[in-house]
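Labels run A, B, C and D following the written order; every chain starts at residue 1.
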Amino acid sequence: MPKSNSIKNILQSGRLEFFLEAHNALSARIVEEAGFSGIWASGLTSSASLGLRDCNEASWTQTLDILEFMSDHTSIPILFDGDSGFGNFNNVRRLVKKLEQRQIAGVCLEDKEYPKKNSFIASEGQALISAGEFASKIKAVKDTQIDPHFCVVARTEALITGNDINEALDRCYMYHQAGADAVLIHSKKKTADEIISFTRQWNNLCPVVIVPTTYDKTPISAFEEANISLVLWANHMLRASIEGMKKVAASIFAHKTPIAADNMIAPLEEIFRLQNVSELEEAEHIYYSYAKDIDFLKAQRAA
Amino acid sequence: MPKSNSIKNILQSGRLEFFLEAHNALSARIVEEAGFSGIWASGLTSSASLGLRDCNEASWTQTLDILEFMSDHTSIPILFDGDSGFGNFNNVRRLVKKLEQRQIAGVCLEDKEYPKKNSFIASEGQALISAGEFASKIKAVKDTQIDPHFCVVARTEALITGNDINEALDRCYMYHQAGADAVLIHSKKKTADEIISFTRQWNNLCPVVIVPTTYDKTPISAFEEANISLVLWANHMLRASIEGMKKVAASIFAHKTPIAADNMIAPLEEIFRLQNVSELEEAEHIYYSYAKDIDFLKAQRAA
Amino acid sequence: MPKSNSIKNILQSGRLEFFLEAHNALSARIVEEAGFSGIWASGLTSSASLGLRDCNEASWTQTLDILEFMSDHTSIPILFDGDSGFGNFNNVRRLVKKLEQRQIAGVCLEDKEYPKKNSFIASEGQALISAGEFASKIKAVKDTQIDPHFCVVARTEALITGNDINEALDRCYMYHQAGADAVLIHSKKKTADEIISFTRQWNNLCPVVIVPTTYDKTPISAFEEANISLVLWANHMLRASIEGMKKVAASIFAHKTPIAADNMIAPLEEIFRLQNVSELEEAEHIYYSYAKDIDFLKAQRAA
Amino acid sequence: MPKSNSIKNILQSGRLEFFLEAHNALSARIVEEAGFSGIWASGLTSSASLGLRDCNEASWTQTLDILEFMSDHTSIPILFDGDSGFGNFNNVRRLVKKLEQRQIAGVCLEDKEYPKKNSFIASEGQALISAGEFASKIKAVKDTQIDPHFCVVARTEALITGNDINEALDRCYMYHQAGADAVLIHSKKKTADEIISFTRQWNNLCPVVIVPTTYDKTPISAFEEANISLVLWANHMLRASIEGMKKVAASIFAHKTPIAADNMIAPLEEIFRLQNVSELEEAEHIYYSYAKDIDFLKAQRAA
């Protein structure tokens, strides 16, 4: 089953599912090994790993390069945070071709301008494009994709930019009409109230995705009751790695040796396991033996 | 003072210094903030972060792309793990030009074949090239560099590949003659015995660099007594991030929420701080005001 | 029919076929429009277009980026000049995965060391690897490819490096055993004598490919009689572009205007046609109309 | 003298100068060898060489990669066609850093939206941004550049988008105030009338650059009388290469051999000369001898 197939199944399962963020191939592999059914390839965290800010400072092809490594080393579906699509409908068309070549299962696009700006930072420089212009990007995905299971999630930033729930509902309705496989309603409130209010009126028109970064204390049961399909834990692997690295760096610096940090770091062998070094060693055995056999045969033939 | 200047000073300071590994811009920034005087841009860990193995599975330009991000977001010198130089003397010449353009302070090259293989994994497929061929790579660095302070560290894998200390000494002598700014003597033993034995006979001919990954329990004073100039803690940021991410992923998967992992992850604001979001906000203020002023002026002129 | 399918058919057609060189997407498109059944993605010419020499100065992923553009903008099969495979069997495995993702139909590998050196320049620095080591690379392609039609052409440089026809035959036999879909026998002689001599003794064991760069005055009928399957005109698009650009640059420089060069340059509209600008204009019409309709609908709903 | 220094001198020389377009390192080298004092790194032609359209289908870093090769292989200044700056003032800041690292002498930015659209194709989808927003991008270049000689050319598309000369003058005045080192007034008319009219009123406030693609029959003396500083022949190398390649491809296809195209293609040796193969051969001699000497010395020491 292709990865895209499974993302469609997940969205339509009727069960609440959880994707965890990854920002490179290694974190993606850890997400898969932990048991998650999918990966959120976050723009915020991949930018941060490059030292960049979440406002399209990285070019879209630099982001694509990260995605390709992530996809090559995992088997669960990746939902790509495609920001506002890196331009207009035409840029979106080119993006979709590149994503499908790299077996990315779906893309999430948001209705903000290009360059976009992270939803949790100051509101200056955050503006929505017209619902029509954004709907045409959604349509561009659906018209371009070759794999029928490739998914597009339409994310509205209506609430983030200070608009009301009616605006969010109207926009999501338009995006659904344009072909969106799911809608993502984003909020930066400390509680899930506006999200719950949205889902009540949305009435399950199509699957709903949420990103409870600020309202992460809401009990999961509330999301289930609201008929939400997918929760994205959108930045937690990066935050775990920052915490881990800062503590270890401080310890090594203080003690001039990593001894005191020993229980905070994975053993060297764990790197090798995550890299699948054992497969290389098996392959070396096969190909080096094969080379010797051929050289022996050739020498015999010559004699 | 350019970054290259400071790496030369560090190597020749007569004091034992410590560089910590980084594998992307974010980890590099954390290393700098922790107080270290330099960064070890490891081939093992940058490969692992891409999901790849440490045997030149990543192309040299993919590695260069990572380096560029690291250099752009730090001010301390970066010593680049250039493996065996990605080919012959000519590939090394091209590499040095690219490193200098990106303000990398120095490169460490090792005397193994291309593709190289990580020193800590099975010995099949690990072979040294001739001392002469490797010395010509060192000479190629010195002939090519424009900045007189750019450093090349010549790393011998003699002990790793089962040769004796005499071979290591002979090789390091040749590399020093060819212009190496320092030599790196690598060992995979659990103790520092062979390293100490080497340094005793080396007699401080030029600065010595070590990578005590396997003999990390050796007291630092032993390295100081041996007149070692630089210790590379070569993979500890990646190992910290793996440990952190695995724990957090497991917790979120088990609880279906990150609540229980709260003390294991940095706050969201810490990402923004590391990205220097505040600089962006100040710049927005300046440039948006400027734009408004100009538009006002233009309207006035027209009126 | 996938591109790979058609390359297999071409090699096994029993007819002499011709592929023409391309070094970027534009030249590839011109080759296709001229009527050729396939494209030779040359290492010499793609390097030269980057200002680099044909000795693996470009990284393998830089070459891959060029290939991806070529593949995206053509529908005939591309045979990729994979030099000596950019390392050992393991580098070849990774290469094949990347080629298949980009719909490249086949790869040609040669039995020289890495870095390879162009066959027509001085012989210093040109050496063969053992037949066994090279056969293991061929086997690595066949073991790795997912698409059963993906082709590997095994190129022997035996004659180029001063070995005799027996060595060439022995090597090709081993490569055929290892799974090669065709063999390429390369020569830098002014006549086709050694090629004809090879094919006589090869006796059609598997399809034969040639590159008559130096013996380009040989009548085609001689190749047909020798049962050769495929001729690669390996560098002629680049040579055409150099000739054209030098003449036009000289004319514009002399006259300080392009007027005198008018009949040596394609009209501006020809660039637009080759870029398929008309498709963009049609798409703009569709998507801009769609956006307006949706915005109108939304406004109605609100009213 | 750095390349940036010379571009400033050229703009302020009081003489009419000419830059010729290049789209890759090879064409750039041909432009330099022909005697031109600078290179126009065109967005239209570099896009076309990738098979893409001139509406930011290539990412800005893909364009940067092409530029880096061009800069590495030429010594005259390169003026980069930076389209509308690939986003807002912040994207421009990042661009300038990357250009300076690669020794690009200057950037030309235009006052259209992102994604921009080629000026000579249908006018739908062509819109100016406000003068203030664009002036803030010009200011961002000047605030960011480290090298004081790095130049920014402010290009107004006022006439292209149907505005009048007053609008063009007002905008250029604002851009000059914001720090532009020169202004580029673009026209798609068949005659130079509107350009001449502009320059008369501009009154030499700062250097003027033009792109006489459509009005290429205007005598050069007219441009000199109008006090124009720099003419960009903006796409002629690509058009020369298309013409050359189409003819040669057709000839080889018709005759099944390149014999009849012999006088339309450069000799193979010309590729090698442009690649500077002779420098490699000299270097091989030096480094291979050096390697042998060292190996001999080491063997002696051991004995």
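In this section, a residue touches a chain if its C-beta (ideal position, glycine included) is under 8 Å from a C-beta of that chain, and two chains touch if they have at least 3 such contacts.
Keep in mind it's a predicted model, so treat the numbers as computed, not measured.
Engineer: Suppose you hop from chain A to any chain it touches, then on again the same way; how many hops at least until you reach chain D?
Structural biologist: Minimum number of steps from chain A to chain D: 1.
Engineer: Indicate the whole-number Å distance between the mean C-alpha point of chain B and the mean C-alpha point of chain D.
Structural biologist: 35
Engineer: Go ahead and note the Å separation of the Cα centroids belonging to chain C and chain D.
Structural biologist: 28
Engineer: Residues touching two or more other chains, restricted to chain C: which are they?
Structural biologist: Residues 55, 62, 72, 90, 125, 280, 284, 288 of chain C each touch two or more of the other chains.
Engineer: What kind of graph do the touching chains make: line, ring, star, complete, other?
Structural biologist: complete
Engineer: Going by the contact rule set out above, which residues of chain B touch chain A in the complex?
Structural biologist: Listed in rising order, the residues are 18, 20, 24-31, 33-36, 44-45, 47-55, 62, 65, 69-70, 72-73, 118, 120-122, 124-125, 213, 216-217, 219-220, 233, 235-250, 252-253, 256-259, 261, 264-268, 270-272, 274-277, 280-281, 284-285, 288.
Engineer: If you look only at chain A, which of its residues touch chain D in the complex?
Structural biologist: Residues 55-57, 59-62, 86-88, 90-91, 94, 114-115.
Engineer: Which chain C residues qualify as touching chain A in the complex?
Structural biologist: 72, 89-90, 93, 97, 101-103, 130-133, 135-136, 139-140, 170-171, 173-174, 177-178, 280, 283-284, 287-288, 290-298, 301-302
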